[in-house]
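Okay, got some structures for you below.
Each of the two complexes below includes chain A, the first together with chain B, the second together with chain C.
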Partner chain A sequence: MAKGDSSVRCFQGLLIFGNVIIGMCGIALTAECIFFVSDQHSLYPLLEATDNDDIYGAAWIGIFVGISLFCLSVLGIVGIVKSNRKILLVYFILMFIVYAFEMASSVTAAVQRDFFTTNLFLRQMLERYQSKSQSNNDDIWKNRGVTETWDRLMLQEKCCGVNGPSDWQKYKSAFRDENNDADYPWPRQCCVMDSFYKPLNLDACKLGVSGYYHSKGCYDLISGPMNRHAWGVAWFGFAILCWTFCVLLGTMFYWSRIEY
Partner chain B sequence: MCPLWAVLALGWLPLSLAVDLEPQLASIVFATNNPTLTTIALEKPFCMFNVKEVSYEVNLYVMVNSVSTYLEIDTWPGRRSGAMIVITSILSTLVFILLLGFVAAVIFSFVSMGSSDLETQHESQISQEVVPKAQGTLEPSYSSVNRRQSLDQAEVYTSKLQD
Partner chain C sequence: DPSLSGSTPLEGSITSSTFTLDQPNGQFNSPDLSDTDDIWLVVAFSNAINNFTAPQSPQGIPHASTFLEKKYYMTIQASRALYSNETNAQDIRILRVGNETSCTVNTCNAPLPGPGPYRVKFLVMNDNGPVAETKWSEDITLIEPEEVSESRAPKSAGTIVIIVILSILLSLLFLALVALLVYTCFDICGTQEISRPEECVQVRRYNTHHTYSTPEAGRS
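Entry: the complex of A and B
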């Protein structure tokens, strides 16, 4: 075999290896994005209410991109083995489209993560928790989502408010509009509960005797999963795109050297 | 915890007034233990008795401050994070380089196709006629590798036929 042949074979092997990695990463990206979209912590209603749920859009795009990358990597391997210009041209065009989508998904997830401040969730909680405003169906739906999510969060995670129970006293809120301040300095879910989900001592909870109410804020428990979601989609997508960039450049060089 | 007894006292206020208030700690100068004064002590709850006119009336004093409405909460995230800038700038650069590379590959392939069209036809005729021993002379090309393989097979078949 000539030296030329072996170097060509070697280059083909390298490109095939690159495409195999792209295929596997595509499947991994799909799995990761399906996991995020399934919303294991049931925090989606909070984002929906803030109109800031683009990290879910990014994850949906990630699912589509992952499957496409897998299929295109198979196409790329076939094109390289057969040294067929047409197949590789189709591969390039489709890869560009998928590259653009994945870039959009990655950038969106990275940008939206910046919005998850304490004030964002605080404002939503004060505005919508137990709010009875009925201006339109969208409003009703969002209020219900926020109320149910906060009730579940405060009960399960044993926390109160975004920064702490004082959130309910420092600001006006829909909750204060609906309830008597003396009976409800903060929601009942902030009280320490017994095994039947009744407050251990209701008066002690209302007075703020330590040990009978949750003094911890819920912000870490909300932002933790959301940050992991956003970072997972953004940085894994970025890594895949860096690798795909190298493989695409190599394949373009290979394509330009194929003779008709 | 902030004076929580103040919250209980607020219960006596009409509901509409209470929503606009939050309990507050007063300045330390107000802390006094003298029940005859009418100043307000807030470190501990104090019951004020009116000793001049004996009565059973007890007054509980609170200090309150008006609260801010949630509409005033600033939800702007502030400055952009490094992650967003890194990802956006690097990916944009990569896309640009990819597009350049693709254009270059297309141009290069058209140029090489145009200039070596006749040479390619000539070479393929040569490689089909001659037994493929002279590997060094022929320029290695990706499609000719496959042709050479099929030529090897053809040679084996022809040699078998001859036998």
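Entry: the complex of A and C
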């Protein structure tokens, strides 16, 4: 054990401070990921249907990584205070494993976020909204999820389609297969409703008279929360990992100077 | 002559099976026409407008059911009173061609069968035959829905930064950990090798009686 030099004490203090920060960031990461997993905007069915829902996997990993970081930071502090080589060795090995998991979570969130384009959600909406295809149970489940989510989105947020109601005109869709064009140029949910959930004026809605239908697209309302979610997991994880790297290197250096 | 509803641009004025015209308000006030005359809308394919001859009697009126053979038909039967000039400013007065999806009579305003292009004109008839008509409109082409294209999403710069930097950090950490473990192992194994005796060395125990006995003697 070094002779109680002030510089050694200072170094110890620094490392303990580093570990405290890691612990607190671990708790923050857990809280952030729980918030994302709880899906306040109920947009999960849209992601599930795109088969690109790894962002939720990344958030789940983030929850457990955060708790582990907190516990390991406590272990690290104990090891540094006691200057015990064995404890610190265990700390290093476990930290490395947690580091690898968090890296996987951060990279996954960043990569998946790049998939979020208007085109992705447009294709999903056109293929699945009100689709009656019965090919397998998975399809039926996804179609139902997409249809319910879009219905709720269009009614509550007063929007229509991904880019606008003309999505239903410009592109072929399952909705068009089920409903004729003259009666349903776009879904009824795009119409302004009265308090009984009936269109205020059906003819005006079908014609596209402003004030009787929703003319703006829903893309911003979908991509906003999802982008924040993805960037939150990715960049916060990245920041934690950079800091943890420095603290680990410092602790390894400290470890190598401990005398038997 | 008829024109698409251009005065108030509406998002739904042209769809893939309907289109919307402005009502010809005030265009039939001429004294040659009477209030009982029927005003019909003639819809024809653009390349068949020369084939159109006005029917000489109400029985010869072509209907939507024969549209594909004859290449024209007449619909939206109205009278001069409906196209009067008294407007209520808030009303939007249009004619939507293709509006009726379920009707049983001959004079149906059924949805159009394809993207066209189409041309329309108005024809005034009474029981004796045609009385007056307008000129043909411009070409009206309906929307043809297409397949939505697949597009690859490019990787953004942020993603590449994250991947590169994290890979570097992880590999450095891995090397440091390996170095640590090797160092530990080397230390422990090294000391063990040195301390493990190759052969048994006899250490003779010397009985140092005489050294102990002297203080005894000294004390007594």
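Everything that follows uses one rule, which is that the second predicted complex is superposed on the first by the 256 of 260 C-alpha atoms of A that agree within 3 Å, B and C clash if a C-alpha of one lies under 4 Å from a C-alpha of the other, contacts with A are read in each partner's own complex, and residues count from 1 in each chain.
By definition in this document, contacts are C-beta pairs under 8 Å (C-beta built on N, C-alpha and C of every residue); 3 or more make two chains touch, one makes a residue touch a chain.
Please read all numbers here as calculations on a predicted model, not as lab measurements.
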(request) Specify the outcome, clash or fit, for chain B and chain C once both structures are aligned onto chain A. (result) clash
(message) By the touch definition at the top of the document, which applies to A:Leu207: first (chain B), second (chain C), both, or neither?
(response) both
(request) Answer with first, second, both or neither: which of chain B and chain C does A:Ala182 touch in the superposed model? (result) both
(message) Contact-wise, after the overlay, does A:Met103 reach chain B, chain C, both or neither (first, second, both, neither)?
(response) both
(message) Between chain B and chain C, whom does A:Tyr254 touch in the aligned arrangement: first, second, both, or neither?
(response) first
(request) Report for A:Gln169: first if it touches chain B alone, second if chain C alone, otherwise both or neither. (result) both
(request) In the overlay, answer first, second, both or neither for which of chain B and chain C A:Val111 touches. (result) both
(message) Pick the chain B stretch that clashes with chain C in the superposition, from 2-10, 128-136 or 146-154.
(response) 2-10
(request) Show which residues of chain A both chain B and chain C reach, each in its own complex. (result) 92, 96, 99-100, 103, 106-107, 110-111, 113-117, 119-120, 122-123, 126, 166, 169-173, 176, 180-183, 185, 206-208, 231, 234-235, 238, 241-242, 245, 248-249, 252, 255-256
(message) Under the stated contact criterion, what part of chain A meets chain B in this complex?
(response) 1-5, 7-9, 83, 92, 96, 99-100, 103, 106-107, 110-111, 113-117, 119-120, 122-123, 126-127, 166, 169-173, 176-177, 180-183, 185, 206-208, 210, 231, 234-235, 238, 241-242, 245, 248-249, 252-260
(request) Would you tell me which residues of chain B are touching chain A in their complex? (result) 1-2, 4-5, 7-8, 10-12, 15, 18-20, 22-23, 67-70, 73-75, 77-78, 80-81, 83-84, 87-88, 90-92, 94-95, 97-99, 101-102, 104-106, 108-109, 112-113, 116, 120, 135-136, 138-146, 148
(message) Going by the contact rule set out above, which residues of chain C touch chain A in the complex?
(response) 8, 10-13, 15-18, 20, 92, 94, 96, 98-101, 111, 143, 145-151, 153-156, 158-159, 162-163, 165-166, 169-170, 172-174, 176-177, 180, 183-184
(request) Flag every residue of chain A that touches chain C in the complex, lowest number first. (result) 85, 89, 92-93, 96, 99-100, 103, 106-107, 110-111, 113-117, 119-120, 122-123, 126, 164-166, 169-173, 176, 180-183, 185-186, 203-204, 206-209, 213, 215, 231, 234-235, 238, 241-242, 245, 248-249, 252, 255-256
